[in-house]
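Presented below are the structures under discussion, each in the form of structure tokens.
Look for chain A in each of the two complexes below; its partner is chain B in the first and chain C in the second.
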Partner chain A sequence: MDLSNDLAAQLNAGAILPEGLVIVTLMAVLVIDLIVGRKASSWLPYVAIAGLFATVAALVLQWDNPNPLAFFDSFNSDDLSVIFRGIIALSTVITILMSIRYIEQSGTSLAEFMAIMLTATLGAMFLSGANDLVMIFVSLETLSISSYLMTGYTKRDPRSNEAALKYLLIGAASSAIFLYGVSLLYGLSGGETNLAQIAAQLAQGDSDQALGLAIALVFSIAGIAFKISAVPFHQWTPDVYEGSPTPVVAFLSVGSKAAGFALALRMLLTAFESVTVEWHFIFTALAILSMILGNVVALAQTSMKRMLAYSSIAQAGFVMLGMIAGTEAGYASMVFYLLIYLFMNLGAFTCVILFSLRTGTDQISDYAGLYQKDALLTLALSICLLSLGGIPPMAGFFGKIYLFWAGWQAGLYGLVLLGLVTSVISIYYYIRVVKMMVVKEPQEMSDAVQNYPPIRWNLTGMRPLQVGIVFSLITTSLAGILSNPLLTLANNSITQTDLFHVANAAAVETVAQVAEDADPVAQ
Partner chain B sequence: MNLAEDVQLISFGLLGVLMIAAALGVVLLDQIVYSAFLLGGVFLCMSGLYVLLNADFVAAAQILVYVGAVNVLILFAIMLVNKQETFKPVGNRWLRQGATALVCVGLFALLSTMVLATPWVVDTTVVLTSTVVQIGKHFFSDYLLPFELASVLLLMAMVGAIILARRDFIPEKMATDTQDALTLPERPRELTGTVSDR
Partner chain C sequence: MFTTQVPWLTTLILLPLVAAFAVPLIPDKDGKTLRWYGLGVGLVELALTVYLAATQFDRTAVGFQLSETYAWLPQLGVNWSVAVDGISLPLLVLTAFVNTLALMAAWRVSHKPRLFYGLMLALYGAQMGVFVAKDLLLFFTMWELELVPVYLLISIWGGPKRLYAATKFILYTALASLFILVAGLGLAFSGDRITFDLAELGLKEYPAALELFAYVGFLIAFAVKLPMFPVHTWLPDAHGEASAPVSMVLAGILLKMGGYGLIRMNMELLPNAHIHFAPVLVVLGVVNIVYGAFAAFGQTNLKRRLAYSSVSHMGFVLIGLASFTEVGLNGAMLQMLSHGLIAAALFFLAGAAYDRTHTLMMDEMSGLAQQMPKIFALFTVAAMASLALPGMSGFVSELTVFLGMANSDAYSLSFKTVIVFLSAVGLILTPIYLLSMLREVFYGEAKAETTPDHWFSDANPREVFIAVCFLLPIIGIGLYPKLAMTSYDTKTVHIAQKVGAALPIFATVEPQEMTAERDLFPLTPALIAPPLD
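Showing the complex of A and B:
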């Protein structure tokens, strides 16, 4: 007993308590399904949800941990990672709520689906706090491999197979490129895998390393940009979003993307600190391309899921704006936007799932006249889409305002203007769906809506779906007006993280140096 | 230059030539079975290079995993697909091949410039203990967390492989509480039929 206590203290094992709870839940789901069988499928999802809520509670206790480094510095549980892990765990809760009915109707087994989903969550959560190259890669692969499995989960559907194969091939290629970049980093730092030590070694390296470092940077960013689906690493997104089961798409667009941003922040701000100008430049290019291409191509989509795919590409572009700003306000606006994006995007996907469960279609034109048949669904989908577009009273508006304000403060005038213009474009395609649902006359109703089945919430798995819709509806409409707690949370997560202090100190130093250098010239 | 260094140099040259020749064969030969066997040769040569680098564990793992598992799997896949199909030759084939060659040569030039230009920090310590012991020590000290996470990853890969490979029996009473309009794209064709017939 004494020994194990010593060991736990030495490793600081308490820092991974939330992940431990996810593993326990995952094992419980697998073993209960093995022992009890299909009879358990009615209450098993609630076990998973309870486990995830316990995880969130453990994360709350981790807030402001005075001693965040665990397992010999390979895991960092600072406030930044806590908030990202919270976003990921919450996204899985909502995804499980919406997947119960969906998986039931697709005729596949729910327990394994939840087990894979929990593994993906585990990988994403470890990725948000990974502080070591080996840890980063193993958790990245845990997330990726479970994502491939979930994408191909409905294996009788050829579109799902195609999506899984595409995702697997492109994902494996991008993993290989990422690994090559990371191995260069290992070589350049003289055999270090810890991010902080790599940064220290690179800082005292000579200028001959510049080419190697640049290649390492580009290759690592290629791997990260695949995860956050930034243009030009986005080709997989529309096909995978269209083909794979919708709950999986919801998780990929929120949980997986949040993990990608957490990885980007940690890796670029520590290991690549010496090339900050270069990575700002690369990310500026990625953000411009993502905002333009995502929003413009979304205009032409006829399938709801494809439209949401392009919209998620565009949203990633907006979030990158906060990263390029490079100030504390910029990072805080990023976290704030991701928090709001969690609710509005998952809300939109829940509505899409409900509609396709009742009518069996995802086409935008089939939504015509839905208002007459299902008011709750119309209201929730309209609110979530308007929020994604950034219409004032909703949460998304405040998130975007904060992002653009932070960008403007940091002097990124061009990018902010581009963001504003593309937001206006995005409002057009979001409103188009809302108009389709609300404005149409009864005789213009689509066939799918005309044959709309009577609304029955008492079917198995419908209740959780309803809870998910109402919850995201309320949070999306109220989080804008009552955004202060979320804003404080996002700001605190940034100001209380050492990562940004180091980065800021370095930035101030550079600025001071530049000023010093400039002074003699002025005189 | 002593005998040991000579042997090392010669075996490096031999392995390198063999590997490049085998790799070219993988890409250029028309018979896919030859390509698969030559790929095994490439993997073997690569494990030889690992031995020269004092990485005996990685060399053994390379043979076990790549030659023993991956390559055999590829051969199985080739044997199971016995459909003969003649493909129509693609127009402007030389253009595509030329572009690919250009990109590959450019990438190779860039990476080799980088390798030659960078002053690498070379580790000169002579390791006398077995690398397996060292890897084990790392696994249970500073790389403990990734090592344990890899076990979860492997568990899930196994579960996922079983899910993808197993045959699903659709329960008879699936459609009892579903509504009539429920035809998800994911539903099996037979099942969709029974629902609409009902």
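Showing the complex of A and C:
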């Protein structure tokens, strides 16, 4: 009896209640599909969405969990993981909303798609809280393998096949590299798999480990950078984004990326705490390259999805700025930006899906003159793109301001300046699309828009799409002005997480400028 | 934080913005409801502003008034903090005035009217926000908020090269306005307290290097907006291509945002750096005047000529700001108000002429005076005001700037002589290009191909009303400048004293450096203020 109580306390299984709910939803979707068949496809998505909302509710209950460690410290359900899991679950909700019609039109089974999507969500959520090398790798692979499956989901489309193959090959290689780095870490720490234990072992390790540790660091970062598609590990992004079904791209650009950032934070701040200066250096390089390359190459794109791919690379560069700042404000600005990015990027993808469902094209030039035919779609896409470009009063502006604010506070003047300049470049390509839709005269309308079908929201799966568009439109335009609750949420998730108290002290010690400009607000 | 006082200024910002968001919901079948809606919002806003200026504003107070502060993003130290003082209030009234008349001037817009009125109202609110913001990040937000509406207004309703002009506008302005944020972050994080409040920032002491850096940052942003040579090149394109109502707002208000920013940020927050840069401002101001005048003379497009004349006139603002005298500063303020009215009137009348002739090329127009005598008369009066005819506001303001510069004890006599002489050359060029414009457009024989079939109608009562609305205050200020000056006099005296107070301190700290500069460049001003013992 005693033993079982002890075991239950150590397992602390309640910490993964949200994930449990995702699993239940996943099973329910599979079983219902098996029993009821295709007839269920009209209401099955709502089962999944209800399950995910239950997951979010469970996450809300997990907030400020006094006892976050579960399964022998291999899973950490602290506030940081809660907020990242929330972002991932919400991104799946919106992705399912937008995929109903898309999958219907592509003639494939919706239930299977949702099952894979939920599996990916599960992996991503576990990854956000994973505190143990084995746990990290297992959840990373769960996420990755279901992502490969999803990218190739429209199997009759050769571009989708190509995307899946590319993603699989590069992804498998990067997983292998990551695994190699992790195995080095395991050896260097004398056989520990828990991140905190590794940090403790490494801290007292001798100096001849330096080379091994450096390789472990570089290889781990390579694996993480692949997930968040930071330059130079971004090569897969444009091709995969262009070829994959658009809802999958939406999930990859938000949910999967958020999981990558959660992994990066947890791993780098605990296991690699002793090499903070080094990983800051590497991430600075990644951020600079991502911001420059992402924004500059996006200028030249003619396909909407490729443009959004490069834009997401650039956005990852901005988010990294908060990580490099290494202060609580920096991490909070990261979380805040990801929260906002969730709405604006998914909003943009929802609009792209709606447009391609009605016209069958993703070319930017085909958007010409859309304002005359579909004002709502034009408005929503314009607002989301302008928000991504950081134009006030949209949410993205405030997200960027906070990132730059935190960066400046931490003394990253050069990076902030670069971020500002590249975000002006980004305005150019975002506004190009807006210009295409709004400014073009009726006689300059593209053929696709000229043959634009009459707007009908009563087709199967169109209503959820409309809900998704209106929801992201409202949040993107209001979340900035009324961003106080979101900011508080982001700040609390950081201040109430133990991870950062240790990390923050280390960062202040190592980064001289931070100590110099340290101010009462950040402390 | 919350006061029982009525949140006037917040209402002023939010009313047009909320009205803009409500535009899609207005039922508008025949296209007539919307313009009444737009005009109605504009009039209510104008009435509110005038009411505030007349009854709530204390002209004798120096500091910020009618302050409202609400916690907005406390995590970032950003407040929704608005207030007015002597330099923002006149510009606020001007903004409401010009924008309301621009909404009236846009009566005939039939192409996408819904979008047009929505954007115009959003632009209206953003401009009001710029002038009342008391928080640097709020100022920056409002400053950026105006970008996209202007971009779309130019690129949808503009002339043939509108896309080029709009893109040029947004890239110039967006890139330059980054520096507001950079400089603002630098100032906010300096010292032991993070604050974006302008009043608190003004009390902080900054390291010299930071002050110079922030000054340059602000200067880049505001110089593009003002516009100052050599970053003025977006302006002729944008003003030339925009439709008349948009040009009115661009020339009438948006340029003044640059001048306002220079006073508010550069002079009030950074008086020590202002001493270093004031000579540069004076020299560039003269370049603006002379270069703008010559360039205007070379234009064949009516609106481009007016645009370059704006460049020329804004040079006086720069000279006035850098004169270190309250007279000069007063002149700069008056020049902003006066140019706001005159340029808006000229662009409006140019638009009215364009509506009839469908060309802006002056060599294609001729003898319009016979066919549209009212437009001719109004245009002539506005042009006279622009060339600083005595009795008009332009004369008073430019004269005051000259007086301020001539009386300034911050510059050496030779420097002042050269500056005043060169600006006077610019003043002679102004009548040349404006009168030749009148001659080409209105005098002479009407062009043969236009006369028989196309008899152009003269100005209708609405157009006459708008033009007269502009001309009355122009003449009023010209005859009785105190009309405008009383509102900002106390504040400009205060700023001039603050900037002037920094002067002798600077002269004692770095006398060596200044003499060295004087030897190198005979024209560089020498500071002749006596050293402090």
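The rule is simple: the second predicted complex is superposed on the first by the 494 of 523 C-alpha atoms of A that agree within 3 Å, B and C clash if a C-alpha of one lies under 4 Å from a C-alpha of the other, contacts with A are read in each partner's own complex, and residues count from 1 in each chain.
FYI, a contact is a pair of C-beta atoms (placed from the backbone, for glycine too) under 8 Å apart; a residue touches a chain by one contact, two chains touch by 3 or more.
Please read all numbers here as calculations on a predicted model, not as lab measurements.
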Room on chain A for both chain B and chain C (clash or fit): fit
Which of chain B and chain C A:Trp408 touches, first, second, both or neither: second
Partner touching more residues of chain A, whether chain B or chain C: B
Partner chain(s) touched by A:Pro392 [first = chain B, second = chain C, both, neither]: second
Chain B versus chain C as contact partner of A:Ser426, first or second or both or neither: neither
Chain B versus chain C as contact partner of A:Gln315, first or second or both or neither: neither
Partner chain in contact with A:Lys155 - chain B first, chain C second, else both or neither: first
Contacts of A:Val439 with chain B and chain C, given as first, second, both or neither: second
Which superposed partner A:Asn345 touches (first chain B, second chain C, both, neither): neither
After fitting on chain A: smallest Cα gap, chain B-chain C, Å: 27
Chain A residues within the chain B interface of the complex: 11, 16, 23, 26, 30, 70-75, 102, 105-108, 112, 115-116, 119, 122-123, 126, 132, 134-135, 137-139, 141-142, 145-146, 149, 152-157, 159-160, 187-188, 190-191, 206, 208-209, 211-212, 215, 245, 356-360, 451-454, 456, 459-460
Of chain B, residues touching chain A in the complex: 110-111, 113-114, 117-121, 123, 141-146, 149-150, 152-153, 156-157, 159-160, 163-164, 168, 170, 174, 177-188, 191
Chain C partner contacts - residues on chain A that touch it in the complex: 329, 332, 371, 375, 386, 391-393, 397-398, 401-402, 404-405, 408-409, 416-417, 420-421, 424, 427-428, 431, 434-435, 438-439, 483-484, 487-488, 491, 517, 519-521
Interface residues, chain C side, partner chain A - complex: 24, 71-77, 112, 115, 137, 141-142, 144-145, 147-148, 151-152, 155-156, 163, 167, 170-171, 174-175, 178, 181-182, 185-186, 189, 192-194
